[in-house]
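Each of the two complexes below includes chain A, the first together with chain B, the second together with chain C.
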Partner chain A sequence: MVAPAQVLLLAFILGPALYVVWISLQSWTYGRPPRFVGIANYAAILGDVAFWRAFWNTFVVTNAVVYGELLLGLGLALLMAGPVPGKRIVISILLAPYAITEVSAVVMWRFMLEPDVGMVNYALLSLGLGQIDWSADPVDALFVVSLLSIWHHVPFTFLILYAAVTTIPNELVEAATIDGASSWQNFWYVKLRLILPALLIAMMFRYIVAMRVFGEVWLLTEGGPARLTEVLAVYLYRQAFKYHEFGAASATGVAMLVISLLIALPYLHQMHRRMFGHAAV
Partner chain B sequence: MHITRRRAAGLGLMAGLVAPLASPAILRAQSKPAKLTIMSHAVHRAVATGAKAGDSTAEWRQRQGIELEWITFSVEGVHERVYREASLGEGAADIAFILERFGGPHIAGLFEDLGAYQKRDPIEAFDEIGAGMRAAHTYRGKLIGIPYRHATHGFFFNKLFLREAGFTQPPTTLEEIIAYAEKLTFTRSDGARVNGYALSMDDPSAMVDLIRAYGGEFITPDYKILCDEPGSVKAATLVRDWYRKGVLARNTMTFKTEEVITAMQQGRAAMTNQPFGRFVNYNDPKLSKFPGEIEVVNFPMSGSTAAAPAKTSVWAMAIPSNARNKELSWSLIKELSSRRNTIRAAANGNGPVRPSAYDDPEVRKLAPYSEAEKRALADARLVLPGFEHVAKAMDIYMEELQKAMLGQAEPLQAMKNVKARIEPLLPKT
Partner chain C sequence: MPPSRPAARIGRLALVALAMLWSGFPILLVVLSSLKPGREIFATPPSLFFTPTLEHYVRLWQVWPDFFLNMRNSLIVTIGASLLCVACSTLAGYVYARFHDRWLTVSAFGMIVMRMLPPIIVTLPLFPVVNALRINDTHILLIALYAAFFVSLSTWIMKAFIEKIPRELEEAARVDGATLPQILGRIILPLAANGILAAAVFVVVFAWNEYVFALIFTTRAAKTTPLVISEILSTVEGVDWGILFAAATVQLAPILIFVIAVQRYLITGLAAGSLKG
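Take a look at the complex of A and B:
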C-alpha cells in the first residue's frame, strides 16, 4: 500500500516535473498540438546568446545575494546574541522586510530610486555622488536587484543563524576565553565551527531560491535595457508567456532544475552519509 | 411489474445520476447563463460602459436578463489568457478582445468564423466598418473578430511649455518637432525638469510613426522587412541622438504607455505620439496638472507639413471555439457593433470603427480631436502584420534599438541585426 506522503509527492511534485520534461521535448504553442522534436529545444536555448547572458546574470546575482545575506545575517545574528537594549523590538524591525510582499517592496524601491526625483537618487545627487543609473546601466541595475533581494530576504537567513548562535554553549566560549583566545579567535575557532551546519543549510536554501530571482528583475527593468539584465527566470517567463514557446520554456525550466540539483547535491550526499552511513557497518 | 419501495428508490437514484450525464447539452441549451464573461483590456470596459455617454451594454443586459463579467488585463496579458482559455476543452471566455498584431493564421483555429454568424444574423450596416479593419482580423478567408476599436496615433504637445519656450505655434514638420524637442528639454522656473519628448518602449508602436515620417517601414503587410533601409535607420538614429542629448528621459528604456501618460500629465515631458483617445487622459483635470493645455494633431512627415501614415491598431471581438454560449456572445457583439453604440463608445473616448461616428455632434463635442483622428485613419497602417513569432520580432527590434541608444551598436548595424534575426521568423509567402 502506497503511503499518503508518496502519493502527494507523485501527484504534486514528480508528476508535474515529468510533464514539464515531456513538454521540453515538444514544439508546442497555442493553436497547434504538441510535436515531438527531441532535444531541439535544448539545442536552441543552449545556442541562444540571451540564454547564456541570463545564465551569467543569474550566477552573479545569486552569488552576490547569497554571500551578502550570509555575511549580513551572521553579523546581525552575532550582534543580537549579545546585550542589545529593546532586543525584541529590534528583531521585529529586522524581520519586517520579510513581511512585505515582493511586488510592494520592488515598487516602493523603484519609486525611491526614480532617476532625478526619487528620494534615494535625489539625495545622492545632492551629495554630489551621482545617481544609481539602474534604468540604463546593466551593472547598476543588477546591483540594485541584488541589494533589493538581500534587503528582502536577509530576515530568513538571520533567523536561521540567530537560532544557531543562541544554542552555542556559553561554557565553550568562556573556556576559550580563559585559554587566551581573542574575540576573533573565539568567533573563528569556536562559534563558527558550531554554527557551520546551520550556515550551510541557510546557504543551500538561499542558493536554490535566489537562483529563481524574478520579481525584482521583472518589476524593475523587465530584463532591459536590451535584455542585458535578464536572468534565467525572466528568460523562461519570456519564452512561455510572451513568445508562447512552451517547449523552449520547459527546457529552460529543466536546465534550472539541473543547476539547482547540482548545488544541492553535495549537501544531500553529506546528509545521506550522516543518516545512513552507519547502516553499512 | 410489481414496484416495491426499494425498487422505486433505486430507479429514482439511477435516474438522478444518469440524466445530467446523458444530456448536458440539452440542459445547457434550455437554461440561459447568469452571466457572460468578457476578457479584454480595461479600455474596452471603460468605453463600452463609460458614464459620459452611457453604457452600451445596459439595454442588452436588461433584455436578456444576463449580467456581464469583465475580466481585464494588460495588452499582452489578455492575449496570453485568451489563447490559454481557448485552447482548453471548455473555456471561461464568452467574448475575447484581440489585437490584430497578436493574431495570425496560427490562432485562427481557436475562434469561431464570424462570417457565418454575420450571414445568418447580420450586424447593422456591417459594410460601414472599415474594410482594412475587417481584413486585419481575417485569416485565409476566416473572419475571427468583429472590429470594435482602433487606436490611431496623433502628435501631442503641451501648449503651456511651448509658450514658456517662446514658440508661438506648434511644430508642423518632423524637423520642427526635432528642433522643438531640444529646446523643450529644460528646467522650469519651479525647478521641474522637462524632457522634450516621451516615447513608449514596450513595443515598436511609437517608433513606426517616426519610421513612416521618414518615408520608411518596419515590416510590410506581405512580410517584407525593411528596417535596414534609410527611413528606419534615420528613425533609430534620431532616437539614439535624442537619448544622448537628454531629450528622452534617462529611464526611457523602462517606459511603457503608462509612464508616458504620467510624464505628460505631470509635466515631465513636452511632446509625444500616442493614440488620439489619450487626449481625454492628458486633459483630465483630476489626473493632469495641465488640463486644457495638451493638444493633438496629425503626426507630420519629414520635409513636409503633410500627415505621415499614422500607426493604427485594431481591437476586435472574437468568440472562442470552446465558448459555452456562442449565440448569446454573437448577440452582444451585434449590440456593441450597432451604429448607436459605436457613437456612444466614441463619445466615451473609443476610436470608432465606423467613420460616420465622427460626424455625430456629441462625438465632436466630447472628442474635439475627431476631425484630426478621422484624417489620420484614412491613411493609417498597422504596426506590423500578425504572425506566429510577432512578439519575438517586436522584442528583437526593441532590443537592438536599445543597444543603439546605449551606444553598443551604430543604428545601421543595429537595424541590420534586426533584419538578420527577424527574417527567419517571418512567414514564407
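Take a look at the complex of A and C:
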C-alpha cells in the first residue's frame, strides 16, 4: 500500500535526481548522442564567471529573504498571538499572498514599481529620492526579487511561528512577569527559547525553497541586463533550455542538490535519530 | 496578562493595520485596477472612485481567446493532481501510522529526504524521456509531477491524522469480518476526512499556481493559466495592463476564496507535516 506513493517518488523524483548525476558526467547537447567526459562539466561551470555570479546572487537573495521573512514572520506571530479584533479575518488577509501564483506576484510588484509611472517609484521620485530602477540596475532588481519573495512566502513562516507561539503556556509568561521580567526579557528568555525548534525548522525549509528561486527573476529580468541578475535556477534553465547543454545544466543541478542536502542535514539527522530511535543508527 | 495601556493598544492596532496593508494591498490593487477604465490605471495619485467597467475582461476574451481553455487545463490538472496525491498519501499514511518495521522506516525517511530536492533538477532527465514517450504537453504529465512533489508532505499529514484514530475501531470491525478495503473506506476515510482536506490544500494551491514545470513541459494543449499570464506580461508590444489585471484576477479569485475557506486546515496541516516527526 505504500507502493503507489513510492512509485511516484521513484519515477519522478529519486530516479531523475540520480540520473542527473549521470548526465552531469556527459557532454550532451540535446538532440545529439551524449559522450562521457568525466568531471569536465564541473570544471567548465566552476570556471564560468556567470556561474559564480549566479551563485553569489542566489546566496545574497536567499539570505535576505530568509532573515527578512523570519523577522517579519516572528513579528506577525507575536502580534497576532495578542488580543486583535476580528482575528480570523486579519489572519485570512495575512495568508492571502500564499494563494497567489508567483506570476501574479510579479505582475503586482512590477506594476507598483514600473519605471517613472508605477505608484511606488512615482512617490519616491516626487519625494526626490530617485527610484528603484530594477530594469537597469542589477542591485535594484535583486532587491525587488527579494522583496517580492518575502511578500509571497511570509505566510508560510508566519503560520509555523504562529502555531508555535500559540502553544506557549500562559502560566510561564505570567510567572516570569510576576518575577519581574520586562516584556523584552519575557520575549528573549521565555518565548524565543520555546519557539526556537519551530524557528529552526521554518528557517531550514525556507532556505531550501528560497534557493530555488526562479519565476521571480525570470519574469522580472530574465537574468538581465547582461546576465547580471541570474540566480542558479535561471542559470540552469538557460543552459538546458536555451543553449541545450544538458550536461553542464546537470552539473549545476547537482550543485543545487548538494547545497540543499547540506542545508537540510541537521534536520535530516534529527529526523533520522527520532525515526530509527532505539534501532542501531 | 496585565491590562494593556491605551497607547500600547493603539500601537498594536496600527501595526495590525500596517500588516494587513502589506499583505492585502498588492492583491486589492490588481483586482480594483482590472475594473478601472484603461486611462485611469496609471493615474497618480491612484483613483479610488471610478466607474467600474468590464472592458478588460471583454478584451481578455477577444485578444486571448484560449485563456478560458487554459483555465480548464488548470482545473483538470489541479483536480487530477490532488486526487492522485491524496489517494497515494492516504494509503501510505495508513501503513506508516499502523505498521512499523525497518524497511518501512527506511522508506519513510527516504520520503523526507526527497522533499529537500529542488524540483527544477528533475526537468533535465525527464525532458528527453517525456519527448521520446510523446507525453509532453499533456495533463497526465503535470498531474503526476505535481502529485509526486507533494506526496511526501501529504503522507506525513495523513499519518499524523490516522495515528489519532483509535485502533480499537479497526480491531472491532476486523472481528466482525470487515476486509481491509472496507476498514479503509468505512472507518479510516470518514474519520481522517480533516486530514484529507489538510493534505489536499497544499497540492491544490501548488498545482493551480505552478509555473516552472508548466513552462518547461507544456506548449499548447495542456498550457495552464499562470503560464498564459506570464505571456500576457511579456508581450513584445509592451504590457497591456488592463488585460493582464483581468487575467490575474480571474486566476486568483477562486484559489484565494478556497484558501480563506480552508485556512484552518492550512494551519493544522502545516503543523502535522513539518513540525512533528
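We take it that the second predicted complex is superposed on the first by the 257 of 281 C-alpha atoms of A that agree within 3 Å, B and C clash if a C-alpha of one lies under 4 Å from a C-alpha of the other, contacts with A are read in each partner's own complex, and residues count from 1 in each chain.
The rule is simple: a residue touches a chain if its C-beta (ideal position, glycine included) is under 8 Å from a C-beta of that chain, and two chains touch if they have at least 3 such contacts.
Fair warning: this is a prediction, and the values are worked out from it, not measured in the lab.
**Q** Output check: A:Gly215 vs chain B and chain C. Expected answer is one of first, second, both, neither. What do you get?
**A** In the superposed model, A:Gly215 contacts chain C only, not chain B.
**Q** For A:Ala136, is the partner it touches chain B (first), chain C (second), both, or none of the two (neither)?
**A** After superposition on chain A, A:Ala136 lies in contact with chain B alone.
**Q** With both complexes superposed on chain A, which partner does A:Ile100 reach: first (chain B), second (chain C), both or neither?
**A** second
**Q** In the superposed arrangement, which partner chain does A:Tyr30 touch: chain B (first), chain C (second), both, or neither?
**A** Both partners, chain B and chain C.
**Q** A:Leu194 contacts which: chain B (first), chain C (second), both, neither?
**A** In the superposition, A:Leu194 touches no partner, neither chain B nor chain C.
**Q** Which chain, chain B or chain C, is in touch with more residues of chain A?
**A** Larger number of chain A residues touched: C.
**Q** After the superposition on A, what does A:Leu9 contact: first (chain B), second (chain C), both or neither?
**A** After superposing on A, A:Leu9 lies in contact with chain C but is clear of chain B.
**Q** Just checking: does A:Phe241 make contact with chain B only, chain C only, both, or neither of them? Give me first, second, both or neither.
**A** In the superposition, A:Phe241 contacts both chain B and chain C.
**Q** Following superposition on chain A, which residues of chain A contact chain B and also contact chain C?
**A** In chain A, positions 30, 114, 117, 241 sit in both the chain B and chain C interfaces.
**Q** In the complex of these two chains, what residues of chain C are touching chain A?
**A** Those residues of chain C that touch chain A are 1-2, 4, 12-13, 15-16, 19-20, 22-24, 26-27, 29-30, 33, 42, 44-46, 84, 87-89, 91-92, 94-96, 102, 104-105, 107-114, 116-128, 144-145, 147-149, 151-152, 155, 205, 208-212, 216, 225-227, 229-230, 233-234, 241, 244-245, 248, 251-252, 255-256, 258-260, 263, 266-267, 270-271, 274-275, 277.
**Q** Name, in rising order, each residue of chain B that touches chain A in their complex.
**A** By the definition above, chain B touches chain A via 76, 80, 83-84, 86-87, 106-110, 193, 201, 249-254, 388-389, 391-392, 395, 399-400, 402-403, 405-406, 408.
**Q** Which of the residues in chain A come into contact with chain C in the complex?
**A** That would be residues 1-2, 4-6, 8-9, 11-17, 19-20, 23, 30, 76, 79-80, 82-85, 90-112, 114, 117, 119, 122, 151, 154-156, 159-160, 162-164, 170, 174, 177, 197-198, 201, 205, 208, 211-212, 214-215, 219, 233, 236-237, 240-241, 246, 249-250, 253-254, 256-257, 260-261, 263-264, 268, 271-272, 274-276, 279 of chain A.
**Q** Applying the document's contact rule, which stretches of chain A touch chain B when the two form their complex?
**A** Residue list for chain A touching chain B: 29-32, 114-117, 133, 135-136, 220-222, 224-227, 238, 241-244.
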